[in-house]
Amino acid sequence: MSIERLHDIALSVRNWGRWGPDDEIGTLNYITPESIAGACRLATRGKVFSLGIPLQRRGPQSGTRDRFNPIHTMFRDGGDAPKDEAGVLRLQGYGGADDWIAMPLQCTTQWDSLAHVFYEGKMWNGYDVSLVTSHGAEKNSIAKTKDKIVGRGVLLDVPRYKGVAMLDPGYAITAADLEGTAAAQKVEARPGDILVLRTGHMTTYLERGDWGTYDSDSSPGVSVYTAPWMHKKQIAAIACDNYAVEVRPSELPPFRSPFHACAIPNMGLTLGEIFFLEELASDCAADGRYEFLLVAPPLPVTGGVGTPINPYAIK
Amino acid sequence: MSIERLHDIALSVRNWGRWGPDDEIGTLNYITPESIAGACRLATRGKVFSLGIPLQRRGPQSGTRDRFNPIHTMFRDGGDAPKDEAGVLRLQGYGGADDWIAMPLQCTTQWDSLAHVFYEGKMWNGYDVSLVTSHGAEKNSIAKTKDKIVGRGVLLDVPRYKGVAMLDPGYAITAADLEGTAAAQKVEARPGDILVLRTGHMTTYLERGDWGTYDSDSSPGVSVYTAPWMHKKQIAAIACDNYAVEVRPSELPPFRSPFHACAIPNMGLTLGEIFFLEELASDCAADGRYEFLLVAPPLPVTGGVGTPINPYAIK
Amino acid sequence: MSIERLHDIALSVRNWGRWGPDDEIGTLNYITPESIAGACRLATRGKVFSLGIPLQRRGPQSGTRDRFNPIHTMFRDGGDAPKDEAGVLRLQGYGGADDWIAMPLQCTTQWDSLAHVFYEGKMWNGYDVSLVTSHGAEKNSIAKTKDKIVGRGVLLDVPRYKGVAMLDPGYAITAADLEGTAAAQKVEARPGDILVLRTGHMTTYLERGDWGTYDSDSSPGVSVYTAPWMHKKQIAAIACDNYAVEVRPSELPPFRSPFHACAIPNMGLTLGEIFFLEELASDCAADGRYEFLLVAPPLPVTGGVGTPINPYAIK
Amino acid sequence: MSIERLHDIALSVRNWGRWGPDDEIGTLNYITPESIAGACRLATRGKVFSLGIPLQRRGPQSGTRDRFNPIHTMFRDGGDAPKDEAGVLRLQGYGGADDWIAMPLQCTTQWDSLAHVFYEGKMWNGYDVSLVTSHGAEKNSIAKTKDKIVGRGVLLDVPRYKGVAMLDPGYAITAADLEGTAAAQKVEARPGDILVLRTGHMTTYLERGDWGTYDSDSSPGVSVYTAPWMHKKQIAAIACDNYAVEVRPSELPPFRSPFHACAIPNMGLTLGEIFFLEELASDCAADGRYEFLLVAPPLPVTGGVGTPINPYAIK
C-alpha cells in the first residue's frame, strides 16, 4: 500500500531531465538573477536575523543516523601564551588561539544535498546511487550548490495562523494549511522562493534549555501530500524549525521519511532543517511583512551530502 | 626595535573601550542597519559570486599551526542502499547518505575571531588571554559575530591597478597603494565597509592546480603600516586572497604577524583569509563597479576562534 | 571535613620523590625484570584472555567529561574496488580498505596516565598542573609508560568471594574485602603486582546488551580508604570492570573521585578502567589460579593523558 | 605479464577454506596454546622492548591513501584547574585532564586486518569485497583477532647478516636472504611464528629526526617471491620496520603492492608495519638470541581494517 502510494506521489513530482541530463541542483534552478535582485530590494531596514543554532556539545543530536553534536577543541589557547620576552621571541609573537571541529555535516542548522536521500536505486535526476561512495557524492553533492542558495525567503508561520503557540507533535501540515497561512499573512509563494516554515516545534526545546531527543521525538511537519503543492508552486527550497521538515511519525510507514523520498531524489528539492525562527517570526508578526532576503551559503565540501549553515534573513 | 615599533602602531590603532567594556565584536560595530540596507541596494543584477574555496583533502594547509585540510568521510553511502524489498522494509526506505568532517576552523576560506591573536597577555578590548582555555574562547569567540557579517563589500584589486597579473611574493601593500587603487577604481572606503583585497597571490596556485606550501610561502599582503589607514577609514573587516592578509615574510621580525597583532587584539578588526576572488575581480573590471553586497555568515561555534565560510558577493 | 579527610589520606600515600625528582611513572617502578620474568612463567597453558571491550558507536560513553564513543569511518571500502581490468590498472591493484577513528583516549578499556588527575595544583611527583596545556602533558604523559605495563596480574573477584553475582551499586570495597578475597583465592598481593579487581558491575550491562549510562550510574568500586592498603602492598597498578575503579557515589562529597585524587597524583598509581573480566574470572574460578601474565601496552601518544588498550591476560 | 605472474603466486599460497569456510583470521590459526606457552618460556630476563613509535603530529604519514598523523587535543587541561576552594567545590575536585585523538587505523605502528587488501573482488577466505562498506568490514575485521596476536617472535636482522647498516631502498629481500639470516642467527622459522623483519630502513629517518616521505619513498622490503616461502614455513604473521613490509618500488608493476595481494587476501597472512626495531635488534645481536615472546594486542575496533599497536617483545 504505502509503497504504491509513495510511488504515485514521487512520480507526480519528479523533475528528472527538466534542467537537462547533467543537472545536479534541481529546483534551485528556479532561482534567477531577477528573483535575487528582487529579494535584495526587500531588505530595506537592514535588519539581520541569524537562523543558525550554536554549534556545541549540547546540541540537537542524540544519535540518529550515527550523528553527534560538534566536538570542538583547541590546538593553542591562552595557557600557551608567552610569559616573558624570551617566550615572545621563541613564539615569534604574543601567541594566539587555534581550534578544530569534528561534526556530521547534518548535525546543526543545515541543507541536505540532493545526494542525501535515494529512491529505488537512484538519486536526483536519475543518477545511480553507486555514485555515492566512501569518497563522497560524485553527483549532486552540496558543493554543486555553492553559489546558488540566496533568494526571496517567505516565512509561513503556521501556528500563528492557527492561533496556537506551536503545532502538536505528529501534526501533518497540509497544503490547505500552507495556503491559509500565506493568505492570512498576505504573502504568496512564487517560483524560486525559499519557503521558511515555522511549526513552533523548536520552541519547546529552547524554552526548557535542553535538546533532549529532539532528533527522534514526534514532531509536527509537512505532510507527504504537500509535495505536489510545492511542485506546482515551483519553490526552490524549503526550510523548517523541526528536525526533518516532514511530520514524525511517518504517514506512510514503514517509510520513515516519505516526504524526503518525494522531495529530494524525485523533485530535486533542497531541504533545510533545524532552522532557528523565533526572532524572525516575531519580527514578521510585528511588521506584517513575511518576505525577506535569505542568504544561506553552503560550505562547498567536495562530495558532501549536507552542510552546516548560518542562514541570514535580511529585512 | 621591532617590539617598540609594533607597540607604537598597536597603540595608535587601539579601540579598547570604544564600544563599551563588554564589547566582543570590535570594528564590526561600524556596520549599521543603514549601511546594510545600502549594500543590499547595490545588488541590482542578482549576480552571485561564491568566494569560498572547496573543502577537501587537497587544500591549502601543509601544516602551519598544526592545521590540516578537511577530512570528510561517510556514515552511509550508495553501497548501503537496500538491494530488494526486504531491505527497503528493514531500512524503512530506499537509503541515503550521511557524512562528517573534521577540520581546523581556520583551514579554508575563513574569518578569524577576535580571540585568535593575543597582544601582551590581552585580547581584543583588554580581555585576559586566560579566558581562552581548552573549552574555547569565553570572550571574543566567533559565535558573538553570528548575525554581524554582512555589509558593503569593496574590492581593491591592487595588481590590476598596478598593471601586473599578481603582486610579487614579499610585496608589502602600502596605504598609498590602497588609496591609489580605490581612486583608479572610482570607489571609496567608507566606515563600515568590508574591504576585499586582491593581491593575485592565489592565482599562481589555482593555475598550477596545486596548493603546495601556500600557507608558508612568501606572499604579498598588507604592510603593518596600513593599520592606521584602516583605523582612520573605520573599515569593519578586511578579507584577502592570500593566507594571512599581511605580507610574508614579516616587516618586523621576529614578529611573525605584526599586522595581526595590531589589527585583531588592538583595533578589533575582523580578518578574512583565503578568499577566492578571481571571478569577482574579473566581473568588477568588466563593469567598472567595485562595490557589492557581501554576506559572509560565520558558523556560530560556541567558543570558536575562527570559522570556515563561503562568502557571497552579490552584484 | 571532606577536604581534610582527603588530605590526610592523600598525604599518607604520597610517594613524591620516592623514585627521584624526575620520575613520571610512579608505582610502575615496582615492576622489575625479575617480576616480569616470574609473571611469564605463570603462563603455562598458553590461554589468552582479551580484556578489552569493542571499540564502536554503541559503547559505554553517554557524555561524562565530554567523552563519546569511538567514531569509525572509511577512506576506501568494497564499493571502491575496481570493476574491470582498466580499473585495476588505474588503481594499481585490486583495491582495498582504509579507515580512521576519532575517540577520547579514555573512552574504552583504558589506562589513565599520571597526568589525568590533579591535586592542589600539582600532578604526580609534584609537577605543576600548568605543564598540561593544549599541547598535552609535558610531564606524566602515558607515553612515558610505553614499555612499562606488563607484569603479574592478580584477579580479585570480590563478588565471588562474597557469594553474589555482583556487588551492589554504591558498595565501597574495603581493604578487608581485598584481604578476604585474596585469602579465599589463595593468592597474595605482592609488590609490583597489577591488581585486577572484579566488582561484577559490567555484568548487568553486558547481559542486557546496552551500556545505558554505565559511565554515570552508581557503581560498586574501591573505597577511598583502600588507598593506604594499596600503598603498603606496593602494587604497581589496579584495573577494574567498572567505570572509575572507585565507588560511586563518592564517600567524600563534594569530591567526585577521592580515590583518584589519592591514587594518581599522590601515590602515582596507574588506574585501569572498563576492563572486561567475565571470561577471565570464570577461568580463574575453574582452575583456582588467580595469577597470570598481564600484558597491556599503552599506545605511546605523545602528551596523552590516557590510552585505549586491549590487555592480554595469559595463563 | 604481471597479472599472470601475480596470479600464479597468489594461487600457490592461497589458504582459502583451510580453517573452514567461516574463518576470518587466516594464518593466525597457526598459533597454538602450546606455542604461546613456549614463547612465554623464552622471556627469562624480563626485559621489555616497546616496538611502537610515538603517536604525534610529526609522524610517518605524508598523505598516502589519505592517511594523516594522529591529531591529539584536550578537553580539559591544567589551565582549567580550580584556582581556589570555590572552584574546587564547583568542579567537585582539583581538576584533571582529558583528551581525544583522531587517526587513521594504519597511521602508526600497526597490524593490517585481513579486510585491508582485495584480490579479484574477494577478500581472505573468499569473502566478497562488498562486505566492506561504509559501516566497516563485516568479515575479516581486526576485531576478530582480538585475543590472537601473541606468540613466538623471531627477529631476522637482514642488514646485520649482510654486514651493512641498512638495506638499500629498492632492495628486494629474497627467501635465500631470509634463510641465510636465520641460519647465521641460529634461529629457525617455525609454524606459528611471528616473523619480525629488520631492513634498517627506519634507521635513516630516526637518525635525521624527520619522517619526510617515509610512506612513499623507495624502500627495501620482502620480494613478492618470498610469499611461497612464508606459506611453506606456516608463519602466523610478519612485521617490518618499513612502511609496507614489501619492497618499493614494486617488482610487478602496475601492481603497487603485489606481496600484499598474495599475503593478505590469498594466504590470510597478517602484516605488521612501521615497527621500531632498533633497540630490540641491538639486544639480539648482543646476546645472540633472536627469539622472544611477542605480545601485540590489536584494539578491537568493530569493523576495523587495521589497528594501531604498541607491541611488546619480551626476552
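Just so it is clear, A, B, C and D label the chains in written order, and each chain counts residues from 1 on its own.
Keep this in mind: contacts are C-beta pairs under 8 Å (C-beta built on N, C-alpha and C of every residue); 3 or more make two chains touch, one makes a residue touch a chain.
Fair warning: this is a prediction, and the values are worked out from it, not measured in the lab.
Novice: Where the contacts of chain C and chain D overlap, which chains show up?
Specialist: Joint contacts, listed by label: A, B.
Novice: Pick same or different for copies chain B and chain D, depending on whether their interface residues overlap by over half.
Specialist: same
Novice: Give the chain pair, either A-B or B-C, that is connected by more C-beta contacts.
Specialist: Most C-beta pairs in contact, of the two: A-B.
Novice: Between chain B and chain C, what is the gap in Å from one C-alpha centre to the other?
Specialist: Centre separation, chain B to chain C: 45 Å.
Novice: How many Å are there between the centre of chain A and the centre of chain B, using C-alpha atoms for each centre?
Specialist: 25
Novice: So which bits of chain B are touching at least two other chains?
Specialist: Each of 66, 71, 73-79, 100, 102, 130, 133-134 in chain B touches at least two other chains.
Novice: In the complex of these two chains, what residues of chain D are touching chain C?
Specialist: 3, 32-38, 40-41, 43-50, 52-56, 65-67, 70, 72-79, 81, 85, 88-89, 92-108, 115-121, 128-134, 136-137, 143, 146-148, 150, 253-258, 260-261, 265, 293, 295-306, 308-312, 314
Novice: Which stretch or stretches of chain D touch chain A in the complex?
Specialist: Those residues of chain D that touch chain A are 71, 73-75, 77-79, 100, 102, 134.
Novice: Within the complex, which stretch of chain C touches chain A?
Specialist: 57, 66, 68, 71, 74-77, 79-80, 102, 130, 133-135
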